[in-house]
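Consider the two complexes below, in which chain A is the common component and chain B and chain C are the respective partners.
Take a look at the complex of A and B:
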């Protein structure tokens, strides 16, 4: 199926131009940058009403700023750029981001963008799950100006988010943790071009004696219409020594919290079982980063 | 044998063109004024079409022609290229369009318009009224009394039921010390060629058709298209594609686009182009799933006493290749590769409401090898027998009579070297007992071999086999090769170039495989069945020999010597043993093509009649035999027993293909074959909704094949020193063997890692965890 409904392709120079086009086309416009997910959506008949594509790559939103108390990553930053960011490579608290960037093939790394990964609102993507675990926020701009949306409020359903019709994602922010923190991410996939069968990210804030002071656990892939927070697992991990017994219990809790789907990629049963394995492995990997 | 070109990996003549965009791929072909065709496909797996209303579609601006089943000649035939359309061993149940649909995706209408977009829009306006019919998707269910019937002529949906037997089964099993029984199942997979099926068909005012298409057989397409349209074969010219973007057997039958585009071209007077989307490709050809019930009796001394095999093949809606795949599966996939005194094989090609099948590299043998080699491994494991010695005890040996072809011998057949050298390279003697590792990640080593395959189809009923070529020498010292042999990407251009360069003592860059079509080139059977090097290679060598004879005749006239005494070395023609007599072959060619009376310093002087005439030679011939390549593949892998994920670490493939013509291409065949085999073993699966029949894996987001990221870093090819006396420069075949063995080898390595055997492909992480009792 071709993208027959698209009549126009725009490349505005500033966000004002983007917002005007969004206001004009409302639901029949689609923001594009890397364009890596376009084919998948088109071939599933999901873009049948789209009349205009708005390319935001001329807005200069491809900057990463790690100087302040908040890390900001522009929407058109490609995944490869994020991967080569020094802090992503070195800092334990950004370990989940580093991990997530090891999965895509080079074509996606060189074209796919941070903004696209978030605003596609696809529960099978990897970066959103890591960002959720890191308490990230979405920066958006629209007719009413710029605003910050917390990520768990941003995702509203399968391919749905809380953006207004004239709003678009300009970037993401991640608070730099005040205390010692570490994170990790794992994805189950059949090949490097795959959507996650299941993926999972953990972020842990640690005390000096090696205990866990707080935890964030999110799972994505075929586990729900949006990524799922595993609160019970977080509770077990928090204020614990993260010993084997704790990991076992937290893993089981995570599995119990998931109500995955069965499809041609995997059964719900397998996804649930992997929730446990991934949690245990991700926590172990995150702790390993502090060694 | 000393050679200049053979065995030296010449630069592939098509390489630069391909890496700079490949403008000669059929998908890039276009003609002025060309229309674009799109096909409306049935959403139902089994239904009767009650009515079709195309009036709204015809009103769309830019629509030039519409076809419905009533517009199509009701010619029923076999669409498979390599057999006659009415071959008795096949089934004639295929028609371009019908009022009965038997699979979700069957064409029910076609539109030609000035653009693809307009054609697609028009399809949406065609109103089809269907009456849904009961469906059956499982072949064993389809065989039962009372199951929905798909074709009137085939009670219980059995399209073909061949069987073979010899010996005394009861006595054989009686004699056995142990009897092993198992059921082995394989799934539906796609060849995943890169270039889609695509064609451009043009018509003349007198109804002649010219066809460009991405396919594996020029002459097969001519025959099937002419028959489908009920016109004379000579009215169809099929142009050989310079190269195509992969076939692997998936473009070995006519399918629908050429026929429908031809009818629309005849209707509109315009060239018409048809191209499959990837989703359409996925439902147009597949490796047939086969379920194999296998029972084997073995004596304490490791020899077989009896084997019974029952194979049930899911043909889908039409028999297409299914009736031949089952035969090849039976004969060369399970029955004759091994020595067993008492054997019974029963095959069933069964209709279901699944998609139609097709050819795919290995053609029934990967399914057989997976069953037999899995069970061989079980036998050795249970009885504590050395698995390599067990194979050697039960395989044929070099010099033995060919088990299928009467009067032929296994003249080159180095199975023992394959097994021993492969085992040594992988370190087979160091492998641990099955499932013995206590780690979460368990290491496994396994192997499989396949002791009988083909270099073409000599000996098979109803299959075209002969090849032909013309070789012409030019005055600038180059040679043109006219051959209808299609290069699928597997190196046929290089092979033909190497053969001619070797025979005519030319530099490979001075040999060109040129334009050919069904009007100007001699017949060639398809590029399939691992036959091109052996059969087309031999015919092209024979054409080059004819050309050389003609060159010597001309040289003999010039040199006033005997043609029989001439030799050709390094571009020089000379009398044998008299290097002083040497004349550049270009001088002979130039004189042969020059005016009869030439004006020199002494004025006009006649040359001789005997030296005149283009230096050209042709040959058209059937190959003399069908030598068997053999191969063994050894795999080292890890299984993560918490997730079920398999990681392939190392692959060693040792094979006897005779003299290697082009080592780099041969290694490419091994690696590409492994990629497809690894996909077959671990992940590939065309999945369909079992209620609606809709394909659930219609693009590469959902249909998973190994990418370079999953492929092992090292695939080691060992080419055993061998020479096939009947082959071109000692060569025989290669391609399919590389894909017959991987699934069985991987399955056996997985077993060695975890100690539990998986008998249905693909071996997914989920199946592994279930087998381990962890799910």
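Take a look at the complex of A and C:
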């Protein structure tokens, strides 16, 4: 990994310091924390003009707060911290996050951050897909103050997001569901260290009689320039009993909604076929969490 | 432009001139001359470069050195104590877990954290613990045997 255009490395201690540096360097500054995707951005030629790296690990953003109606996870929270969070381990509605944290190797769990997984805006990542299924939001701060961006509006294309040049991600928020909910996530991968062939997260709100009242389905990993929402599949799952016939139809609908790419990991046809399989498996796994 | 930093590697403070974009791997190998930590893929895919930062295994190729200057770095050179090999090192020898040897240091560092967190891992836990490390000789079974031996010793 060589980022030889970089002249300066800063570690400011408050967000004011970060915003001042972003204003000074504009597009030639890059926010870093764990650094685990720097090589991925360098190898895609996306960091050629970067002169300054701004490390935000001294801002104290490595906190998880689950006390209120909204779960807040700070940007520099490492994936390992998220995995050890008691609620992530116990609560069915956070099952998709628990699942996503089982895939990375220990080295990534120890350094990859929640903020980095979002702000890299890489459609192959796992955590953004789970967060989308949980109706998550991005917290950003910049010269004009702090704002909340819904995650599906945050991703604006391949490695593109809707942050202003002087803004950075300070954390993510997830609304705690008011009614009984459950979720699950599945990643297909060639090895523990590779990006997803395809991944899929599903979140279901359930009625007391075991019917599905509402569903969120998102897929990622080579299925589009951003993670893809499978709205038709959501419609079929909602107001259903989630029986085998429904799962079959919803799986097919999800596959029909994907327009994947073919690359060295898998063909488009394979990704589509697996979209159907993963939807059925993820719904089954999510329902299993309520048993 | 290079700047002088102090870096705590294996409980010894090194004064080093580094570029602001240097990875921890480059700093260790090319600036500090400590070549036990191996450069494989240099992009977080193989695990050869695994070291401990404050006791936690990370890929040193992906870690910016400037972000760890206030941390304690442990490399494979820091494993022996008082001239005695670490139990993990001895187990790798005894189990015949070293083939070409290129992945060995990284796997030992990942195992070091595994055994610190979980002194009696199951075989599945060992496999998960080293899932971020590749052995191109594909000699995984003896590596797993070695980690089991180290856990038992």
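By definition in this document, the second predicted complex is superposed on the first by the 290 of 291 C-alpha atoms of A that agree within 3 Å, B and C clash if a C-alpha of one lies under 4 Å from a C-alpha of the other, contacts with A are read in each partner's own complex, and residues count from 1 in each chain.
Basically, a residue touches a chain if its C-beta (ideal position, glycine included) is under 8 Å from a C-beta of that chain, and two chains touch if they have at least 3 such contacts.
Owing to the predicted nature of the structure, the values given are computational and were not obtained by experimental measurement.
Using the overlay on chain A, decide if chain B and chain C clash or can fit next to each other.
Aligned on chain A, chain B and chain C clash with each other.
Quick one: classify A:107 as touching chain B (first), chain C (second), both or neither.
second
Is A:252 touching the first partner chain B, the second partner chain C, both, or neither of them?
So A:252 meets neither chain B nor chain C here.
Would you sort A:195 into first (chain B), second (chain C), both or neither based on which partner it touches?
After superposition on chain A, A:195 lies in contact with chain B alone.
Taking the superposition as given, does A:35 touch the first partner, chain B, the second, chain C, both, or neither?
So A:35 only meets chain C here.
State whether chain B or chain C is in contact with more residues of chain A in the superposed arrangement.
C
Looking at A:57 after the superposition, I want to know if it touches chain B, chain C, both of them or none. Which is it: first, second, both, neither?
In the superposition, A:57 touches chain C alone.
Using the touch definition from the top, say if A:231 reaches chain B (first), chain C (second), both or neither.
So A:231 meets neither chain B nor chain C here.
Quick one: is A:6 in contact with chain B, with chain C, with both, or with neither? Answer first, second, both or neither.
Second partner only, chain C.
Starting from the residues of chain A touching chain B, keep only those that also touch chain C in the other complex, and list them.
In chain A, positions 1-2, 4, 39-40, 43, 105, 191-194 sit in both the chain B and chain C interfaces.
Which bits of chain B are touching chain A when the two form their complex?
Going by the criterion above, the answer is residues 116-117, 120-121, 277-279, 642-643, 645, 683, 685, 687, 696-702, 704-710, 765-766, 769, 774-775.
In the complex, go through chain C and note every residue touching chain A.
On the chain C side, the touching residues are 1, 19-21, 23, 42-47, 50, 53, 56-59, 61-64, 66-67, 110, 113-114, 128-129, 131-134.
Could you please specify the touching residues of chain A with respect to chain C in the complex?
It is residues 1-4, 6-9, 11, 32-36, 38-40, 43, 53, 55, 57, 80, 104-108, 110-111, 191-194 of chain A that touch chain C.
Any idea which chain A residues touch chain B in the complex?
Going through chain A, the ones touching chain B are 1-2, 4, 39-40, 43, 105, 188, 190-195, 263-267, 269-270, 273-274, 277.
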